[in-house]
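Below are structures written as structure tokens.
Next come two complexes built around subunit A: one with subunit B, the other with subunit C.
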Partner chain A sequence: MTLTLANHPITEFFAGPKTLLDGSRLQVDLEELRRYLLEDQRLESVDLEIVRPGDPCRVGYVFDIVEPRAKETGAGPDFPGILSPIAAAGQGTTHVLRGTAVAVVDGGQPGGERGYTSRRGGVAKILEMSGPPSQASSFGDLRHLVVVPHPHPEVARHSVLNALRLASVKASVYLARTAQGKTPDSTQVFDLDGSDYDGRKGLPRVAYIGQVHGHQHGTEVDEHILYGGNARGMLPVPLHPNEWLDGAVVVSYSWGARGLDTYFHQNHPIILDLYRLHDSKEITFAGVVATTSSGQLDELNRNCMVAAQIVKHTFKADGVIITKYAGGAPHSDMFETARLCEDLGIKTAIMVSDTAPDRRAESAALMNIPGVDAVVNVSEAADISWPAPAVETVIAGNPEVETLLADLTELPGVSVCGVTNNQGASRLQSIIY
Partner chain B sequence: MRVVHYLNQFFGGIGGEEQAGIPPEIRPGAVGPGRLLEQVLGDGSHVVTTIICGDNYAAENVQEVTAMVTQQVKEAQAELLVAGPCFQAGRYGTAAGAVCAAVQEDLSIPVITAMAGENPGVDLYRESIYIVDSGDDVSRMRDVLADMARLANKLAGQGVIGRPADEGYFSQGKLRSEFVENTAARRLTGMLLSKMRGEAFEAEVPIKSIEPVPAPPPVPDMSRATVAIVTDGGLVPKGNPDQIPRAFAQVWGAYSIEGMDSLQAGEYEVAHGGYDNRPVEQDPHRLVPVDVLRQMERDGLVGKLHPEFLSTTGNSNPLENSRRMGREMAARLIEAGVDSVILTST
Partner chain C sequence: MEKAGIPVAQVTAMTAVAKAVGSNRIVRGQGIVNLLGDSDLPPEEEREIRKQIVRQALEALATDPAQSDP
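Entry: the complex of A and B
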């Protein structure tokens, strides 16, 4: 399976009479895009705006951030199971508009806490385009198309969320189709074929197990997570890492944008780093497993066992990196999977995100399991905040949130998109003093 | 900087173990290691008062000694208290930690001491004061004092305190979020490769700090036992009378089930932000099984169901706070004559 990313760095992104890519200049016909998004009859209207690094602009609350990508004509499906019929992702050429993103805003259910009621747990996330918060964010230096879908009031909340998801991938593919047939600035080839042959004898085999949802919060019947499925009753599934990078996985609704972003499924930092080590022949990248954290004990035991067995007997891995979904409860599944892997002789490294509200190291330690001793601690940024930069523009899903965002004096790190991350993208660390 | 220095009888030059019972003596100026201390602290710093106290006297009269040292520091208008270094001397280390902690608390001036890792004073005071790692080699006195002086000068406002390993002090167990050079992904792959190669690596959390909890002995006879239900799943009567928060709960509640055969849906809600509350709100017995326990009570399988259940929210709770609430709950249940507890979680 060979995936080629055709990279088109974008240096200018602006609205204009026709959607087209001219070198590194991306022009978008917002009216045409609006008409396309409004084909979804659940939407009453859509606001579209382009924001750039350094703009005195605040956007909230963010549903998800997606990198604009489109398959070369005939090369395969775009977001199979959501936008395209089910077919394998991860092969052929995918055009990528580097330096840009689609940020979709969730108007929530107006009212409630912070002018916004989300369906489930999670933190209302803000995209900040200027000042120190934007510099601390993975998304501060991107040019964003901000999409604010306004659903008809009678549409049920789960269906609204489905419409937001659809709008996110439609806008992403719409923009990137401008690159079809164009010569990219650079290409990246992702290929694990030949891994078992010459020059790789004796290299350690390393796999990755990543949680793509946490079932402590259930999923909606029409929620898309893996190949369009809602992950209910899902057993761990072995994937080719290319599938993960190429649109097979999007983030689920709960805790969406809180340290998991579809952008970082497409640019998965751990998968990319394992590819780097594979290409430099320090390891052989043995494969990836998509799993979920469980809502019930039987499910936990079953999923952890199956994931460990895949890594041991299908991937024949010597080492594995395991990460969790956002929140606290998914730690249990991650630690149990790591314990089982260590029992099978597979070395593990895992990533926790401590939520210790008293900022005591003792409170950050979640488990003490012999052998599970390689632990990276990504802070949840509970002790980081910035004075809110002055803004001229606030883009929000409803007037209450707009007022609220405009009046903010302080931006807690946990509220800013791209500061915390459970996919390995964050440079935050909880240091023990 | 005006400095007060605390020493034991040995380092104060009075004598060995036979002098360990002497009460505090006050000397003007520097004594013994205090002279070296003045040198390494640099120009402008001098030891104005030295307090020398016997190890046994300090151990047996902690409050008196700490009060006396605090008073001396105050009268000397000192800007820094230095105690030790104490190396492996356990009573000395414990006293040094106590006087430093008291002076810091009461006078808000910088304090510093130094000990070997195995000195009991380290675990007692490392979280509240800076303790330099002296090692156990007394011949390193000058180096240890230099480390203490460097840190003391920073504490006095002349620089930012770095990480424990870089500055040579024992970790205070405090977390601080920082932006570091490598992404978490890089740190993960790096750590895994080190582990697979058998090289040293350092976990970013203190995983060994959680001690295993031994299982208690079985209840001898359940048919005579009073059983209570305790949950950290956050079930509370409608309206949440104790205002238990959905995470980081500092409080717990006790709710009567006296004379009740079951819990009615609609009369309870869930104050817990970490799971999908709907199944419990539809049927509270999924979390607090009053119905089944009543039946077992009638069938004689359990002696008695305690007439209240205890509840809090076990969500992102600091260990120290959880321990406190656990102790409070246990005390209430023991006082009420409860023999056993069914603890339900989510």
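Entry: the complex of A and C
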């Protein structure tokens, strides 16, 4: 399976009479895009704005951030199971508009549920475009198309969330289709099936197990997580890493929970790094497993056992990296999977996040399991905050949030998109001295 | 609370965490989302589960942690 990312760096992103890509200049016809998004009858209206790095602008609350990507014509499905019929992701050419993103805002509904109060996982996220918080965020130097869908009041909340998800991938693909047929600035080829098997003798085989949802938050009936499915009852499933990078996985609605954005499924730091080490022949990238954290103990034990078995006997891995999804409970699944992997002789590293804001290292790890001793704390930025930069523009989902965001005096790191990430994408590193 | 002389039974879906923090009496709940019940069951069946878990917690309170393995 070979995936080619065709990279088109964008240096200018602006509204204009026609949607087109001219070199590194991306022009978008906002009215055409609006009509396309409003084909979804659940939406009453959609606000569209373009924000740029350094703009004195605050956006909230963010539903998800997606990198604009589109398959080359005939190369395969865009976001299969959500936007396209089910077909394997991860092969052929995908055009990527580097330096841009689609940021979708959840404003709830007039008179109905508000996105920020009914949010699973509890943390309402802000996109900050200026000042120190933006410099600390992976999203601060991107050009964003901000999409604010306003659903009709009578639409059920789960369906509102489904409409936000659909809008996010539609806008992403709409923008990136401007690159179809265009010569990219650079390409990246992702392929694990090289012919040089002999040259890999003796290299450690390293796998990745990533949680794609946490069932402690529940799951909506029409929620999209893996190939469009809602992951209920899901057992750990081996995937090709290309599928993960190429639209098979989007974040669940527990997005606000501490550093999860579809952007970092598309640009997954661990998968990309394992690929890099595979290509430089430091390791052999053995494969990836998508799993969930569980709401019940039997489910936890079953999932952890199956994930460890896949890594041991299907991937024949010597080492594995495990990440969690969202909050505290998923640590249980991660630790148990790590314990089982270590028992099977697989060297295991896990990535935890401190759920305690008291800045003590002892608080960071919820559990202590003998043998599970390679623990990386990726933080939740609960102990970082900045004075809120002065802003001229607030883009919010409703007037109430607009006032709230405009009046902020302090921005906690945990509430700023892109400061920390469960998979380790972060610009900040703590140093003990 | 234990130090103050009040016996504690912890009902939890994630027993490993309770063990890790040294909880004395651990009772396994149904799940994280519905700890004492099961929303997938009809109400009358769920009621039985609720009674069962609460009863187990009460029984746990009557035990001496030093004499049993959690």
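The working rule: the second predicted complex is superposed on the first by the 411 of 433 C-alpha atoms of A that agree within 3 Å, B and C clash if a C-alpha of one lies under 4 Å from a C-alpha of the other, contacts with A are read in each partner's own complex, and residues count from 1 in each chain.
Methods note: a residue touches a chain if its C-beta (ideal position, glycine included) is under 8 Å from a C-beta of that chain, and two chains touch if they have at least 3 such contacts.
In this text, all values refer to a predicted model and were calculated from it rather than measured experimentally.
After superposition onto subunit A, the partners subunit B and subunit C occupy overlapping space and clash.
By the touch criterion defined above, A:267 reaches neither subunit B nor subunit C.
Using the contact criterion defined above for the overlaid structures, shared-chain residue A:137 touches neither subunit B nor subunit C, since it reaches no partner.
Once the two complexes are laid over each other on the shared chain, residue contacts for A:211 go to neither subunit B nor subunit C. By the document's definition of touching, of the two partners only subunit B reaches A:383; subunit C does not. When the shared chain is aligned, subunit C comes close enough to touch A:297, but subunit B does not.
Within the superposed three-chain arrangement, the count of touched residues of subunit A is higher for B, of the candidates subunit B and subunit C. Using the contact criterion defined above for the overlaid structures, shared-chain residue A:336 touches subunit C, although it does not reach subunit B. Contacts of A:242 after superposition: neither subunit B nor subunit C is touched. Look at A:368: by the touch rule set out above, it reaches both subunit B and subunit C. In the superposition on chain A, contact of A:283 is made with subunit B only, not with subunit C.
For the contact definition in use here, the residues of subunit A common to its subunit B contact set and its subunit C contact set are 216, 218, 295, 329, 366-369. Listing the residues of subunit B that touch subunit A in their complex gives 161, 163-164, 171-189, 191-196, 201, 203-212, 247-248, 273-276, 315-316, 318-321.
Within the complex formed with subunit A, the residues of subunit C that make contact are 13-17, 20, 28, 30-33.
Every residue of subunit A that touches subunit C in the complex is listed here, in rising order: 215-216, 218, 294-297, 300, 329, 331-332, 335-336, 366-369.
The touching residues of subunit A, when paired with subunit B in their complex, are 120-121, 136, 204, 206, 216-218, 269-270, 272-274, 277, 282-283, 295, 318-321, 323, 327-329, 347-352, 354-369, 372-384, 413, 421, 423-433.
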